[in-house]
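The structure that follows is given in the form of structure tokens.
Chains here go by letter, A, B and C, matching the order in which they are written, and residues are numbered from 1 within each.
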Amino acid sequence: MTLVAEFIKGIYKENPVFRLALGLCPVLAVSTSISNAIGMGAATTFVLLSSNTIISLLILFFSKILSEEGQKSINKIRIPMFIVVIASFVTIVEMVMSAYFPALSESLGIFIPLIVVNCIILGRAEGFASKNSLVFSVMDALGMGIGFTLALIAIAAFRELLGSGQLLGVNLFGGDYKPVLLMILPPGAFLVIGLYLGILHWLDARKK
Amino acid sequence: MHNVIRLSIILAFITLIAAFVLAEIYNITKPRIEEQKLAKTQEALKYVLPDAQSLPPVKKKIPVKDGKGNTLYEREEIVYYKAYSDQQEQNLIGYAFKAYGTGYSSNIETMVGIDTIGRITHIRIISQKETPGLGALAENSEPFKGKKWSTQQFINKQIDDLKVDKDGGTIVSITGATITSRAITNSIKAKMQELTGELDIPIQETVEED
Amino acid sequence: MEYGIFQLVIMSIFINNFVLQRFLGLCPYMGVSKQLDSALGMGMAVTFVMTIASLVTWVLYTFFLAPTYQNIFYVIFNTPIENIPDLTFLRTIVFILVIASLVQFVEMFIQKISPTLYRALGIYLPLITTNCAILGVAVLNIDLFFKDGLPSENSFINTLVQAISAGAGFTLVLLLMAGIREKLELANVPKPFRGLPIAFIIAGLMSIAFLGFSGMNVE
């Protein structure tokens, strides 16, 4: 696949949220407002990018300095290695966010450390970065990260608009709008995603 | 066996490098984080008692107990702040304290200001990690669009008034966030009761005769 | 902090259900809830890992990471509290490594005890490591039961109770979902909604039902 195709696939064809059903926990929790969505998306993309890069480099390093046999045994500890790398970057995000973006850090709450168990990150590290070149891994990470962010924004836009009458904190409907509170509460999240998924499947079926 | 040892060493090495990098970044960000916390407390103090020129904290050694009630150790904590309208600390205008309560999914910290007869001047929610969106609503000092909750409800309330509507009181709770509203209200009441003996003002709850 | 055991149990299972209200544990929720028996197996495995992980992480945090009075530096070397290195930033790494190791053990255990369950759970067994509910509970324990870096009253018991209840709540919801989905196989669902979309809609409806618990006053 070309570099550009690698990048684009993360956005639509293999969108991690809508197609691969990965990373659902933060999606539902954080999509109550667009600003939260952007913040979480940026943090996750940073971790994805950094860990894909380091992991791709690590695997390259080991493949160059180790024999065939050595590589087989490294294989046994690859998951814990990936976890340490990913967890480190997540910790960096945790610290930098509480220092420089305290409001966002409070809004996102426990979902910041939970980035480490976002299946997208370990999934891409294991499934892609450990098997492909550095450049491709970077493109994949960027595509997946942006796809994730866009999915988050799509859901958040819906929920924020209906649930609080605002978009990015700007009131759109005037003083008397009675917001559909359900939208920013947990059920709203499930329902919106269910709907989006249903529509997507329907669109796919029509193409055939 | 030899292999396991070699692998463990490699893993430990990588972890050590990670820990080292993190420690460095920690040292860089920690002062900033501490600053932020302090700034937040100062801002909250100013918000709840805007006329205070001097706010000396009153500290006390609080015993920390284990599950069985044995005292493990004592630590010094700020119990409340005295508020004076002048730098010379001659004119006492009230007090400020932090109330802690467990809400829906986090501990909620609220800064409360009271005047010299025990009426709340204002409250400011310092930290909470409740449901995203609803937690932010809780912090609103202005009533938002048809939702009657706002922190302004607490102004001029006395300890007897501190009950949410669902418990028969006058504080309107946030729709869909009863637990959060209740936690805030009850934590303020509990702290006020705790401080009854400490402060020289009558904020004791009147016991209802049945 | 003023929570009794009973209140904590009710809160973690119903009012604050980990899946339907806190959004933790969704991947296995969507993936394994198609049949009742694998749902039960998964629920129990998750509860077990949650409980042990919560206990181990509590111990590690209190004795090694946080500058508490039980920290080994204080107990063994008597370093004054202010000088004990604050290693709480290592929390994420330590916790996730603990969980990953525990899941390995559980995997081996299930493989020996019940190969059928092992096959039924398939890829979802190692995926328990990335189950946000487990790391979520561990982190939540610290957030709720520690104040200013020191354990609050009954912190250990509360942690244990919350972990078990969280697992129970997760299992409960998983079973409910599996029951519904088994029946749904026979129903006539519109084509675009078959599979994942309808599962989400059902979860949404269940979530509304559980919202009803949030008005409960457990005092």
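Note that a contact is a pair of C-beta atoms (placed from the backbone, for glycine too) under 8 Å apart; a residue touches a chain by one contact, two chains touch by 3 or more.
These numbers come from a predicted model, not from an experiment.
With chains as nodes and touching pairs as edges, the resulting graph is complete, every pair of chains being joined.
Note: the chain lying farthest from chain B is A, by mean C-alpha position. Taking the mean of each chain's C-alpha atoms, the chain whose centre lies closest to the overall C-alpha mean is C. By number of C-beta pairs in contact, A-C leads over the other of A-C and B-C. Centre-to-centre separation between chain A and chain B, using Cα means, comes to 33 Å. Rounded to whole angstrom units, the spacing between the C-alpha centres of chain A and chain C is 21. Work out the mean CA point of chain B and of chain C, and you get 27 Å between them. Counting partner chains per residue, chain C shows two or more touched chains at residues 22, 89-90, 93, 140, 143, 211. In chain B, the positions touching at least two other chains are 15, 18, 22, 26, 105-106, 129, 176.
Each of residues 29, 80, 84, 87-88, 91, 95, 110, 185-186 in chain A touches at least two other chains. Contact residues of chain A toward chain B in the complex are 29-30, 32-33, 36, 73-74, 76-77, 80-81, 84-85, 87-88, 91-92, 95-96, 98-100, 102, 106-110, 163-165, 171, 175-179, 181, 184-186.
Partner chain B is touched in their complex by these residues of chain C: 1-3, 15-16, 22, 69, 89-90, 93, 140, 143-144, 147, 150, 153-154, 156-157, 211, 214-215, 217. Residues 15, 18-19, 22-23, 26, 64-67, 72-73, 75, 100-102, 104-107, 129, 166-167, 176, 178-179, 182, 190 of chain B touch chain C in their complex. Of all residues in chain A, those touching chain C in their complex are 21-22, 24-26, 28-29, 79-80, 83-84, 87-88, 90-91, 94-95, 110, 113-114, 116-119, 122, 182, 185-191, 193-195, 197-199, 201-202, 205. Considering their complex, residues 20-27, 30, 89-93, 96-97, 100, 127, 129-132, 134-136, 139-140, 143, 190-201, 203-205, 207-208, 211 of chain C touch chain A.
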